[in-house]
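Below are structures written as structure tokens.
Consider the two complexes below, in which chain A is the common component and chain B and chain C are the respective partners.
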Partner chain A sequence: MSIASFALRRLGRGVLTVWFAVTVTFLLLRLLPGDPALAVSSPTQTEATRALLLTQYGLDKPLAEQYLLYLGQLLRGNLGTSFTQSVPVLDVLAARIPWTILLTVGALVLTVVIGIPLGVLAASRRGGFLDKAVQVFGVTGQSLFVPSIGVLLLFVVGLKLRWAPIGGAYSDGTYGGQWYLSVLHHLVLPGLSLTLVQLGSYVLTLRATLVDALADDYVVLARANGLSERRILWKHALRNALLPATTLIGLQLGFLVGGAVLTETVFAYPGVGRGIYEAVTQLDFPVLQGAFLMLALTVVVANTLTDLVYGWLDPRVKAS
Partner chain B sequence: MSAPLPEAVLGGLPVAAPAAATRPASSSTWRAFRRQPLGMAALVVLALLVLVAVVGPWVLAAPASYGTLVLAAPGAGHLFGTDALGRDVLAEVVYGTRQSVLVAVAASAIAIVVGTLVAVVGAYVPRLDAVVSVVVDLTLSLPVLPLMILVAALAGPSTTTLVLVVAAFSWPEVTRLVRSQALTVVGLAYVDAARLMTRNHAWIIARHVVPAVTPVIVVSVVVTASRAVLSAAGLAFLGLGDPTSWSWGRILYEAQSAGAMVSAWWLTLFPSLAILALVLSATLVSIAYNDARNPRTAGPA
Partner chain C sequence: MAGTPRPARRAVLVGGLGGFSAAAIAACAPSAPEEPAQQGGAAAAGTETLTIATTTDVVNFNPTVGNSRSDQWVTGLMYPRLLTIASDGSKEAELAAKWGYVDPTTGYYEIRDDFTWSDGKPLTAADVAWTLNAVKKDAPSGTFYGQLANFVQATAVSDTRVEFTMATPDSSLVDEIGFWGCVVPQHVFEPAGSIADFANDGSGGGWVSAGPYVLTKVQAGQSYTLDRVAKYPLVEGGVPVAAKVVYRVFPDVNTEILALRSGEADVIANALPPAQVQPLTATDGLAVEKATGLGYAHMVYNMDNADLAKAPVRQALAHAADYEAIRKVALSGQAVSTGSSPLMPVLAKYHDPSITEYPFDPGASRTLLQQAGYTADADGMFGLTFRLIYSLQDSVTSQWAQMVKDSSAKAGIAIQLQGSERNTYLAQTNDGDYDIYAGNFAIMDDPVLNFSLSYLPGGAINYTHVDDAALNDLIGQGAATTDLDEKVGIFREAAKMVHEQVYDNIMYTQDLFFAHSDEWSGFISRPSELLSIVNPVSVASATKSAG
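Right, the complex of A and B next:
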């Protein structure tokens, strides 16, 4: 299979996932007991305003027609109108989604950058002190609750050591290069919290596959050929061990985005997650629904990219 | 001290119990398990948490009284300090333990039953399996927590909502774990032999397929339960928990709303430690169980 058709297939899968997300949301909104019109109702709401709201939502039409209308709306980029702010949901979210993407991608990059050396060190000193430490860290990391670790970092690094700002995404009144630096500085704590939660399983997977790979025939052959241990480890074994770890990243993207929602709430980070928190307290359903679709889209795009990276790491995938 | 423990932990989960009885290997697994100090320690912690969940609320008064001592640091009167409304944090954590354990057990029990059923029936009926694997793949690639938030917000916050929502989005993970094992089992000769004996497919699935995938189920009980704890805490932290009963996530949510999450460190520390203790000990138990079942790591039985 050529690279083009491989990419095309992954793209098709991505489109299918987005369609699935859209359909699930549509059905949930209709089938759940919550009435979108009653949800915003105040005791003073009259029957007329309720009927008006129902017509506005198109909820008086048959289900199939509603579904097609909904799909058509989404294709035109119309996510509805926010209950509380009376502006299009897309406008509310468009300002937020870049921050969530920055946070998620930042955490992902940090996970790989810290995870690979840790995994390699642990696997090459199997059974040693460092290996045990990495394993304890890995198992504990998997069990962390994002807000807990967030508040801990906020307390120690932000308030006691004063190394990083404790909330927001940038400093007001900074421009140009200074602004970018302040964005990076504000990313430190939320990024680190999200990384710590994700890192454990990544390192453990990498370590386990690397340990297996180091016992494989091709490693024995490479040793017999007199290649240096370093070269065997980093060049030969690591390349194979990266495959399951990359799959894991793809599988965990959904969890990572969920973690981002919690992290943003702790650090008052202006991303979609923070938007969700505010929308929940105000019961702003169009925003909630739009936010979920945006996050699903983010995950699908990132997943497709991971798949493409996988194809590049492992040429066999493209061939099958 | 040794024998009744696994019953205490798994007893509330209907699937594991009857299937485990048909496995002769389980006693040797238990013997191998007992040799692992870390796994045993985790099991003890897990049993203690369950004990707190069951007995705690009988011993301690509910944290309803609005005391005058607001945001007091941990001390003699209040071991874990008090919150922004002067309620005892220790009582909140203890009552929260019951809620968290309840949600974890109920949600994972539902997820395990549904997930296993879908996986096993899917593996047994090839035509269904294609659909099952696509639905599972698609669901797993969605951001689950935002989806749970959407549903919980729509359905209104209550413990029942929490359990159903967490269960509804946890079963695909169970199906994924169990399905791969079930697919191998269904292809084995003894299942073919059973097919020759009877046309009662439900009997074959219950008698021959489910027992063979039980080890995977036991592991996924633990994984699903600990994920459920984290998901429920996450939802409660965002204000979507049950406002009428205490949970660890709710303590954190109220601390966040009161703006006291950092200044009153005890409001964050104790529920966080409780979450960590439950999830970590569950994870360690599943690791020890896996090692105990693996002949390479279990040693001579």
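Right, the complex of A and C next:
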């Protein structure tokens, strides 16, 4: 199979997945208890006022009609207008998405950069002290919860040591290069928290697959051919061990965006995760639909990229 | 070699991700201001920035739509109220200098002549009349519209006088519109079309303010920056002291407190959780101020339930809660009894000290139930089981709901607790899907309005579903009279009826505490969380000590 048809098949599957996610989100939101008019209006509003609001929101129409209108709107590239903010959903999301991308991509890169050496270190010293230490670290990392580690980091690093700011994405009144430095400074604690909670599973997966790879025949042959341990480990065994770890990274991207809700809340980080939480409490359907569409697209793109990279790393996958 | 992950390819992948992030973030980078922000001219004006922490974002910058606290705090610095609330719950002048009734169905406001919009246009009675009429016509979702049920039309009879007509005589309407309403600039809002749909997000060239500050920058999810205006007549010296006010969002209250302690925030706008008051009072560098609560927490018994329709059963339930223990444990003692009356002590003119709290007495509950024909089983239970709903977002109520369940069991009444997330709770409340409702109201400042909404049939918050002809009659009389003494007498009588029949079980008014850095002083505290130390005059008066 050519790379083009491989990519085309993945793309077709991605479009179907996004349509399914859009439809399920649309229906699930309308199954939630309460209604948007009740969520946003004052308790002293009358039934007549609430009914008027539902009409304004277009929620008085039959469900099928609402769905068709929504799909038509989407096909024209229009995500609708926020019920509560009275501004286009695209504007609401555009103001927040960059921060979530920065946080999640930053955490992802940091996970890989820290995770690979740790996994290699543990696997190459199997059974030794360092291996055990990395395993303890990995298991502990898997059981960490963002709010707990977040508040702890804020208290120690932010309040006591004063090494990092308590919240936000940058300091007011900074411009140019100083602003970028401020952005990085504000990213340290939320990025570290998000990295810590996902690093454990990545390191343990990589270690386990690398230990298996090191016992394979081709490694024995490489040793017999006189290749250095360093070359065998980094050039041959690691390449095979990276396949499941790469899959895990693709899957974790979806988890990362979900984890960003908590991280952004604890660190007062202005990303889309927090926007979703706020939209849920206000039952702001258009914002939620737009945000979940964006999340579905992220996961589909990440998985497609993972598949493509997988094929790139292992030609057998492409061939099958 | 085909399929080999060469370092160059890897670099392209990582570089691509990094580049994507950098491009996305670069789009958020602010431009340096071309010139320094405009400062006020009075000698008292400072150069400092007052940073106020809040837990929620501003949802809508249109004050007639936005309902959240942050909406009200931020837009409150730009759009003046006609009236504010004094510490005894009575209304005080703000934009309006005088207010009252021309006749039983015509109210008026005389507004000050020294307010101007930040774009230089004067604020006149025409702005007031237009705001009232536009809200009535377009029905925006905010609290303001809810006050206008009996309002018909406003007219600016001069540059400083507005008169408005009512459908029926209503002695609370002038006060309630004066407090819950605000004034927006007609020349900005009218061209935008319906006031209910106008986002007022500054996209049309920024904001226009008649308050002490004007919004100049919004970083969604992070901060709202407001600059001082040149003139604000309600503050000493005519100019706000702090040059800037920045509202910063810390959704987690623990993070918010850490920000205050670290100096990243100067004030916390929301009331402190009861458990945090003592530790923060004892923290060096911080000051904690008290503001009187204007609302109450209560339990309401749904009279659509056949058992709860019987007064002795409601009275038995009222005697089955240990109110003193609830205030001590769930609120760390930071609450006062209202005497189980909707006329709280803070409403000094109306409060009736002869109405006293239902004593916690499970024995009395048992006697009442036996007299009503109920029989206890071998376990001492009367076979009465009630489902009590509350919001899981309300941590204090969640705590005392459990206490009510435990104490009611001593009286032989079983309570099933059903805590729900906010929207489910609102839906259950709206549908009357409960036996007992537990919740609270932040501001119950006007007896006419509160009794009408709470106890008249069809009232928006008549959660008891009570329809008592004698009570209805009293509320009608109270609403019609503008004679304060007569009104006080009528509502005391009505409160007595509510108390005796347990149409509502008012449990306490919470004392509110607000923390700020002790480097800042001059705050002017007003009742309720909505006003507290972040009301416009207080914020404009706050001063940072030298050094």
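Everything that follows uses one rule, which is that the second predicted complex is superposed on the first by the 278 of 320 C-alpha atoms of A that agree within 3 Å, B and C clash if a C-alpha of one lies under 4 Å from a C-alpha of the other, contacts with A are read in each partner's own complex, and residues count from 1 in each chain.
To be clear about the criterion, a residue touches a chain if its C-beta (ideal position, glycine included) is under 8 Å from a C-beta of that chain, and two chains touch if they have at least 3 such contacts.
Computed from a prediction, not measured in an experiment: that's the story for all the values here.
Participant: As a test of reading the superposition: which chain, chain B or chain C, is in touch with more residues of chain A?
Facilitator: C
Participant: Just checking: does A:151 make contact with chain B only, chain C only, both, or neither of them? Give me first, second, both or neither.
Facilitator: both
Participant: With the two complexes superposed on chain A, say which partner A:236 touches: chain B (first), chain C (second), both, or neither.
Facilitator: So A:236 meets neither chain B nor chain C here.
Participant: Looking at the overlay, what does A:20 touch: chain B (first), chain C (second), both, or neither?
Facilitator: first
Participant: Between chain B (first) and chain C (second), which, if any, makes contact with A:283: first, second, both or neither?
Facilitator: both
Participant: Would you sort A:32 into first (chain B), second (chain C), both or neither based on which partner it touches?
Facilitator: Both partners.
Participant: Kindly classify A:159 by the partners it touches after superposition: chain B alone (first), chain C alone (second), both, or neither?
Facilitator: In the superposed model, A:159 contacts both chain B and chain C.
Participant: Output check: A:10 vs chain B and chain C. Expected answer is one of first, second, both, neither. What do you get?
Facilitator: neither
Participant: Please work out whether A:270 is in contact with chain B alone, chain C alone, both, or neither, and reply first, second, both or neither.
Facilitator: second
Participant: Considering only the contact definition stated at the top, list the common interface residues of chain A for chain B and chain C.
Facilitator: In chain A, residues 32-34, 39, 147, 151, 154-155, 159, 166, 265-266, 277, 281, 283 are touched by chain B and also by chain C.
Participant: Under the touch definition given earlier, write down the residues of chain A that touch chain C in their complex.
Facilitator: Where chain A meets chain C, its residues are 32-35, 37-46, 49, 52-53, 56, 84-87, 92, 95-99, 101-102, 105-106, 108-109, 147, 151, 154-155, 158-159, 162, 165-170, 172, 175-176, 179-180, 183, 239, 264-271, 274-275, 277-278, 281-283, 309, 312-315.
Participant: Can you check the complex and tell me which residues of chain B touch chain A?
Facilitator: 138-147, 149-151, 153-156, 226, 230, 233-234, 237-240, 252, 256, 261-262, 265, 268, 272, 275-276, 279-280, 283-284, 287
Participant: Would you pull the chain A residues touching chain B in the complex into a rising list?
Facilitator: 16-17, 20-21, 24-25, 28-29, 32-34, 39, 139-140, 142-148, 151-152, 154-155, 159, 166, 251, 253-255, 257-259, 261-262, 265-266, 276-277, 279-281, 283, 285, 288-289, 291-292, 295-296, 298-300, 303
Participant: Hey, which residues of chain C end up touching chain A in the complex?
Facilitator: Checking each residue of chain C against chain A gives 2-3, 5, 9, 13-14, 17-18, 20-21, 24-25, 27-32, 56-57, 59-60, 62, 65, 67, 139, 141-143, 145-147, 149, 196-199, 201, 219-223, 225, 246, 248-252, 254-255, 258-259, 261-262, 264, 420, 422-424, 426-428, 430, 441, 453, 460-461.
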